[in-house]
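Look for subunit A in each of the two complexes below; its partner is subunit B in the first and subunit C in the second.
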Partner chain A sequence: MADDEAGTLEAERADDAERASATTTGGEPPRKGARAARGELPRLTRSGIGGLLAKIVLLGVLDAVVVWAVFVMAGLSMWIPIVIVLLITGLINWIYLGRGKRLPAKYLTPGVVFLMVFQVFVILYSGYIAFTNYSDGHNGSKTDAIAAISANGLKRVPDSPAYPVNIVERGSHLYLLATDPKDGTARVGTTDEPLRVVKNATFEDGKATKAPGYVTLNLSQVLDRQDEITALSVPLSTNPNDGALRTDDASTAYVYRSDLVYDKTADTFTNSSGTVFVDNGEGEFATKDGSQVLSPGWKINVGFANFKEAFTNSQIAGPLWRVILWTFAFALLSVITTFAVGLFLAMVLNHPKLRGKKIYRVLVILPYAFPAFLSGLVWAGMLNPEFGFINQVLFGGAQIPWLTNAWLARLSVIGVNLWLGYPYMFLVCTGALQSLPEEVDEAARVDGASPWRIFRAIKLPLLLVSVAPLLIASFAFNFNNFNVIYMLTKGWPRFTDTTLDIGSTDLLITMVYKIAFGQGGVRDYGLASALSILIFILVAVVSIIAFRRTKTLEEIN
Partner chain B sequence: MTVPTGSSAFTRRAFFGFAGAGLTAVALAACSATPASGGSTAGSGQSITIWLDTQRAPAIKPIAEKFKKDTGITVKLVVKDFANVDKDFISQVPTGKGPDMIVSPHDKLGSYVQNGVVAPLQLGDKAKDYADVAIQAVTYDGNVYGLPYSIENVALVRNTALAPDASTSFDEVIAKGKAAEAAHAGTVKYPFLLGLDPKQGDPYHMYPLQTSYGSTVFAQNADGTYDPNKLTLGDAAGLKFASAVKQWGQEGVLNANITGDIALDAFNKGQSAYYLTGPWNIPAIKQAGIKYAIDPLPSAGGEKAKPFLGVNAFFISAKSQNKVAATKFLVDYLGTDSAQEALYKVGGRPPALKTAYDVVAKSDPDVKSFGDIGLDGVPMPAIPEMASVWADWGGAELQLIKGQGDPITVWETAASNIESKIK
Partner chain C sequence: MTIEESLEFMDAPRARSSESDRTPRRRRRFRLGRWFAETGWRHLVAIVMVVIAVFPLLYVLSASLNPAGSLVGSNDLFQTISFENYVKLFQNPDQPFALWFVNTIVIGVVTAVFTVFLGALAAFSFSRMRFTGRRIGLLSLMLIQMFPQFLAVVAIFLLLSALGDVFPVLGLGSQLGLILVYLGGALGVNTYLMYGFFNTVPMSIDEAAKIDGASHAQIFFTIILRLVAPILAVVGLLSFIATTGEYVIASIVLTDPNTQTLAVGLYSFVSQQFSNNWSIFSAGAVLAALPVMIVFLLLQKHIVGGLTSGSVK
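Showing the complex of A and B:
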């Protein structure tokens, strides 16, 4: 795409040059010819053809996918998404098929699309979930919940016999043709018509297979109407307490009694002992006094309830502040320690007279090559109090509880993160050090400044100008450094003043993970999303403040 | 002057661009398959979907092919990660795009029912053909939900070279273990091995010892299912067990730092005479060349030691559009002797169908041992709040093994914490 743009710019410059030369040579036909030639097609270089072809193919693929998606969405009657998708695709096509002022847009479009899908949409969706009560027990819609409660409320009458059945049809209604196991007679019935004896039925092996006036369905017809068949509920007699016949596999039926009956108009469930369950506005059916609740419930909007709970529920609120403090401390200490060690090594290995620099550099970078996930597990093994390498070899068999004492666990976590993080800082500092001007250094040495003074007053400030954004990014990364904490200690040792699974090495992100995925209890996506939004706000605020301050740093320099 | 040229070039350029893009779009769209309508129902020639793990797929494939021959319905086998399949199932079913059937351990059943994602399964008279404990395990709130196919439990594995005879009580086991340690001072380091998690403990493995004191986690109803409202962990028998745990920790019988991997490794190196584990470790023990015997769990407190049972079963999704086909596949095809034996061959666990178990037990003595021990077992509770129960229960046991705290206080605190969480 850049090539044909360059081609276009060239063409425009050549245009001006030709105009300029044309006035001196004074030839009309060449100008017209040149302009006419350009009017036919843009002048294409070889890379221009490749670029244009690539653009057409890629745009074509995108448009093809969109056309197919529109058909699918039309089939599902999703009209608003269709309009949105068409608008966005139209915009993308317009951007890529134009030229000139749209050049920046052509570079930015893929990045912006991915930013929208993977960041903005995710944040908005999390925000939406934070205002609902989506959790275990509030998993789906109200209709699903009602269907599930009704299905679970159907209890087979104990010791009721199995009725061999066939599915038959008359008109457009389905009926159950059952063979009564007690007397071997054939009976037929459907949802609102109780079983009655049918005469002259055809029997095969004692099972009624055909009845006059009814058409028996074969297997494939049965499989086409499975929902209707499983919904059939044939009362045994006019007394509803005798139960009803239902079948799940279209060949055997059992007698069921409904424990819970749904009243559509009143939107309540009533059970066999007369207790009435109403929709209590919190996404579940419960008795008026709230003593009994039916499960499952459904997902509803709860406004700010999740945010309130995060700060007022005593199980969460107390530990929450400690976790926030530890998260800030962990992120800060990680950045400081990794930067200090990385900078120290970078300066040492930067010495011009050091031999074997390449070997040292490779060794220093090795920890960066291992995935943090794996390293966390390996270190957990090495820090085992009785069998771990650290205690057995380095401490001569002392049983130091690295991961089970609160403060030692915090120390271990910072130590392992230091081991994992210093190679990155080493690389960054090596690059930054090599870009520092040497004259200032020499001038300072000539003036008689000590090495430490040179470092503190000259090297460090110049270094910070270029490294500061990376330090801020590293802070944000370590604020959410899930891998190290979860793999090494799972956030333990646990706090003793809460029944939830929150511990002394827990970051906000590991706490959110445990709440969302139920390590400490029931999965609660709503609360977890609310906490995620909080984390986002915290990190965003800190980053904005820090970036503002680096701007002032640059201005001083 | 360049403006007219520019705009006509733009128009032509754009025209060619749109034409090219449009033609390619139409060509590709025409070549694509017709979009499937949402929510397909199975007639002949359509399909039902089952989620399994990689181990079971080869056993289910031939059964699926037979089903297709008989009914014309294709069974699509989708392989999923067994550890996370329950989370995926719960989040996908409400969207309507979940599978029709799933393979899962039974202790997730409570959370499936709480989220309304499984449908009751009618086994009818065939329920009598399965082991009673298997049916109990797949029953929740009075309804049967799954078709069980295997049962697993722990047992006491004995190194016959170090301890030639079986023992009747736990004290005898420890005495023999210590004697072996004394006799082979160089190689044998532990009187007894039980893999724990140094951070959370392992109440599952310790349960047989606990039940031998008469302490259970929940009260059991007459039909064998648990009453999740009656936590019996903190009763008098439980406190006796707690004191015993602290004593074992002090004697070195139980060691909080020995994880499951370390325990298996140590047993394979002949460093202990006894190892409390399940059938999943037997292949590794065989490979290490250890001559072993599988004993019933010894009683520590005088009553019968009942291990926890894990039952694996097939469940049907509540929003499946193909319930009839799925029920047929489960009850009539997976509930047969050949299917259960095929699943045993890939999994190594005793089958749940009684007739299949009898056949398998004749050929594999290890399975017979585990299976007979399992007859006394109790299914793991399936209530949704179990995750927090395990955490607090294990934490209390771990604390006592490490020798921290008074058994009565630690145990009672844990019991009251659990009570407040499951309310």
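Showing the complex of A and C:
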């Protein structure tokens, strides 16, 4: 089978060779012998059998895992993912079990699958999240929200029967194994799985102690995981109004019921004092006048609301514009400064008679070898206004607010990024300078051009042609240079006109990170995704314009 | 162009300059002014740059050897030398430095190995086969590298939390999940780099092997992979360096201190008590940076070749 595929590869190769020899005069004639080899009977060499076995085993493992995953997902009612997973698995099997034209796909598939899931899909998914209100209090479906609201504010039902319980474990999740006081059946469930009857449970003195598929915790394990156990709240049934079982001592559980009662037909919650909460259309239950809101809410599509909020909400809009401007300024200044210093240094060290060139080269690229996240932290220490080396030693104890004054902080960030980034430009420029033709240089010198003129009029333009794509890539990189900013200043000093944790040196990407995962405040995934989409658009526009001008893309054949 | 030539173009001018060295020198008196105008000022600039480049590194080294412990105490460079901080670094159970170190190496190595493998597979097909969508594929890969993976960090977080419901081993908090996420970036940056290098291996080698009855898999695994070994090393190393320094995704996926990488662990350690933990942090920084710096400097020449063909730090 493997040999057959090689036949196709061969055919394509032969075609290529023909094409190549047609264009180049005096090229080797296409190998006719290779074509003849196709006619041979397929031979299964020993390694051919080994490859076949490896393929079958790997495919088998993949299919087995997928089948298992499909069962788990069916249990979680994830129907759309099931369809997608089955389609992809089918495609993979089709590619690897077939012959002939599918050969390129066999080599591309492993990488492309990862690329599709963790790079392309996540971008599209960001696009979807950007149009929802996905955030800390809005991260599930409406059904989940109703269950959660019913579970919050649980109170013990005064005449609740006592359920003898044991704590059991499956996977890493804890379950309550409860014995129904009415009919004596064993039931098992956990926080998001209502109680259900288990068969073949082991009873001691009328109390269920073991259930097949579950491991019963012993006393010391129970003591270790007390917090998890007291946090368990197991619904009695799928109807949230029935209440839930909770236990304080891991041996007896009681029925707890929320004082909020959900009315299915009216889609409202009513509390014990008669206040009615209705679905307010924004993914929340709230009173009619909006004065009281029940938490959590649920996820709904909100259209362009996140984008609108980003540019109109007074808490966000002003800071956002400043962050966008600074992001562009930072990326541009970083490219210009690192390129200028790198090029200058490359020209200085690129002299035939300079001694110790090798040593200098190794020493000046050291900052590049030092991990970037550490550089940020080390410089943060050195620039510390009170105790740092720069102020204490170099400025004799002055209290220059390097990282706490808005403009000085911006200067420091550019400076540190220059320290980190110039070695790369130095390496690139050294390489490019050395590949420049020397004749041009000499001709100009003979014609009496000054060194500066030679540089401006000849070397720089030639150099820019070869390094332009790298400068564009460097711009895109610095546009999202998270590590330097976050490790050095954390985006601070903070803006005073907003309560959000956004500051003078924040880039768009650090702002996204803080909005989505910041300490304190609500984690607003929707807004953060909207901002990441904004970054995507900005980077794409800049790259397209830049690449158009340099025409690099045309080189790909 | 042979493989060696393409990697070692940094050395090209040395060959040129040695020629001029060999020509007999005119005997002339050493004149300071002339020397300075020609190469002297270059030494001056170079020395200033070396001081700027190396000083922060010496400062960390000095701080890590200083038993004073605090930020302000670290300003006396190399006054006292003791290894106290290095010992303390491994003793505090709240900051399991040894575990962070191991985690970083494991995640970095596994990611690098698979990145190289996936990238080489793709580069082989782009370089050796002609198929519909090949040009589009190469173009898309080139465009995709403009967008770092961590831009979609929110979606990655939510995807992993959903994945964790199906496969708990891949969910949030799992190193395996993190590695899978990193592998999503395997093709974007590296295939292009490898593709260029694969093209420098002549097709006639494949053809000869084919005539001898080798299958495409044999050609790939036993012939091509060996010939392109230098670029595999470069890509593996670049991937290792990128992975070990990655903070954004690692910080949201790895929440348990025992599973964290150096970037996440050291940051949370030093940001809590910036000034007081300084010396211990410095010791950690020195240990964390050493392996990467050593490998980088040893393979410097090869990395430079790889970098200048398209990847960026």
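Rule of thumb we're sticking to: the second predicted complex is superposed on the first by the 331 of 557 C-alpha atoms of A that agree within 3 Å, B and C clash if a C-alpha of one lies under 4 Å from a C-alpha of the other, contacts with A are read in each partner's own complex, and residues count from 1 in each chain.
Throughout what follows, a contact is a pair of C-beta atoms (placed from the backbone, for glycine too) under 8 Å apart; a residue touches a chain by one contact, two chains touch by 3 or more.
Predicted model, so just to flag it, every value in this text is computed and none were measured.
When both complexes are overlaid on chain A, the residue A:Q292 reaches neither subunit B nor subunit C.
When subunit A is checked against subunit B and against subunit C, the one touching more of its residues turns out to be C.
When both complexes are overlaid on chain A, the residue A:S474 reaches subunit C alone and has no touch with subunit B. Touch criterion met: A:A147 reaches subunit B, while subunit C stays clear of it. By the touch criterion stated above, A:F517 is placed in contact with subunit B and with subunit C alike.
In the superposition on chain A, contact of A:G60 is made with subunit B only, not with subunit C. After overlaying the two complexes on the shared chain, residue contacts for A:V72 are found with subunit B and with subunit C alike.
Within the superposed three-chain model, A:L366 lies in touch with subunit C and out of touch with subunit B [touch as defined at top]. Shared-chain residue A:F387: touches subunit B and subunit C both. Annotation: subunit A residues 12, 15, 72, 76, 384, 386-387, 517 touch subunit B in one complex and subunit C in the other. Put simply, subunit A touches subunit B in their complex at residues 12, 15, 19, 35, 38-42, 55-57, 59-61, 63-68, 71-72, 75-76, 93, 96-99, 136-137, 139-141, 144-145, 147-149, 151-152, 154-156, 162, 219-220, 222-224, 226-227, 229-230, 248-250, 252, 254, 295-296, 384-387, 403-404, 489-490, 492, 494, 499, 501, 517-523. Per the touch definition, subunit A reaches subunit C in the complex via residues 2-3, 5-6, 9-10, 12-13, 15-17, 28, 31, 33-34, 37, 43, 45, 47-48, 51, 69, 72-73, 76, 78, 101, 103-104, 106-108, 110-112, 114-115, 117-123, 125-126, 129, 134, 171-172, 345, 348-356, 360, 362-375, 377-382, 384, 386-389, 392-393, 419, 421, 423-424, 427-428, 430-432, 434-435, 438, 469-470, 473-474, 476-477, 480, 482-483, 486-487, 509, 512-513, 516-517, 525, 528-529, 532, 535-536, 539-540, 543, 553, 556-557.
Of all residues in subunit B, those touching subunit A in their complex are 1-2, 5, 8-10, 12-14, 17-18, 20-29, 32, 35, 37-38, 41-44, 46, 71-73, 87, 90-91, 93-94, 111, 113-117, 119-122, 124-125, 141-143, 198-199, 255, 257-259, 262, 318-319, 321-325, 327-328, 331-332, 384-385, 387-388, 391-392, 395, 417, 420-421. Subunit C contributes residues 9-10, 12-13, 16-17, 20, 38-39, 42-43, 45-46, 49-50, 52-54, 56-57, 59-60, 63, 70-72, 74-75, 117-119, 121-122, 124-125, 128-131, 134-135, 137-139, 142-159, 165-168, 180-181, 183-188, 191, 203-204, 206-207, 210-211, 213-220, 241, 244-245, 247-248, 251-252, 263, 266-267, 270, 274-275, 278, 281-282, 285, 288-289, 292-293, 296-297, 300, 304, 307-308, 310, 312-313 to its touches with subunit A in the complex.
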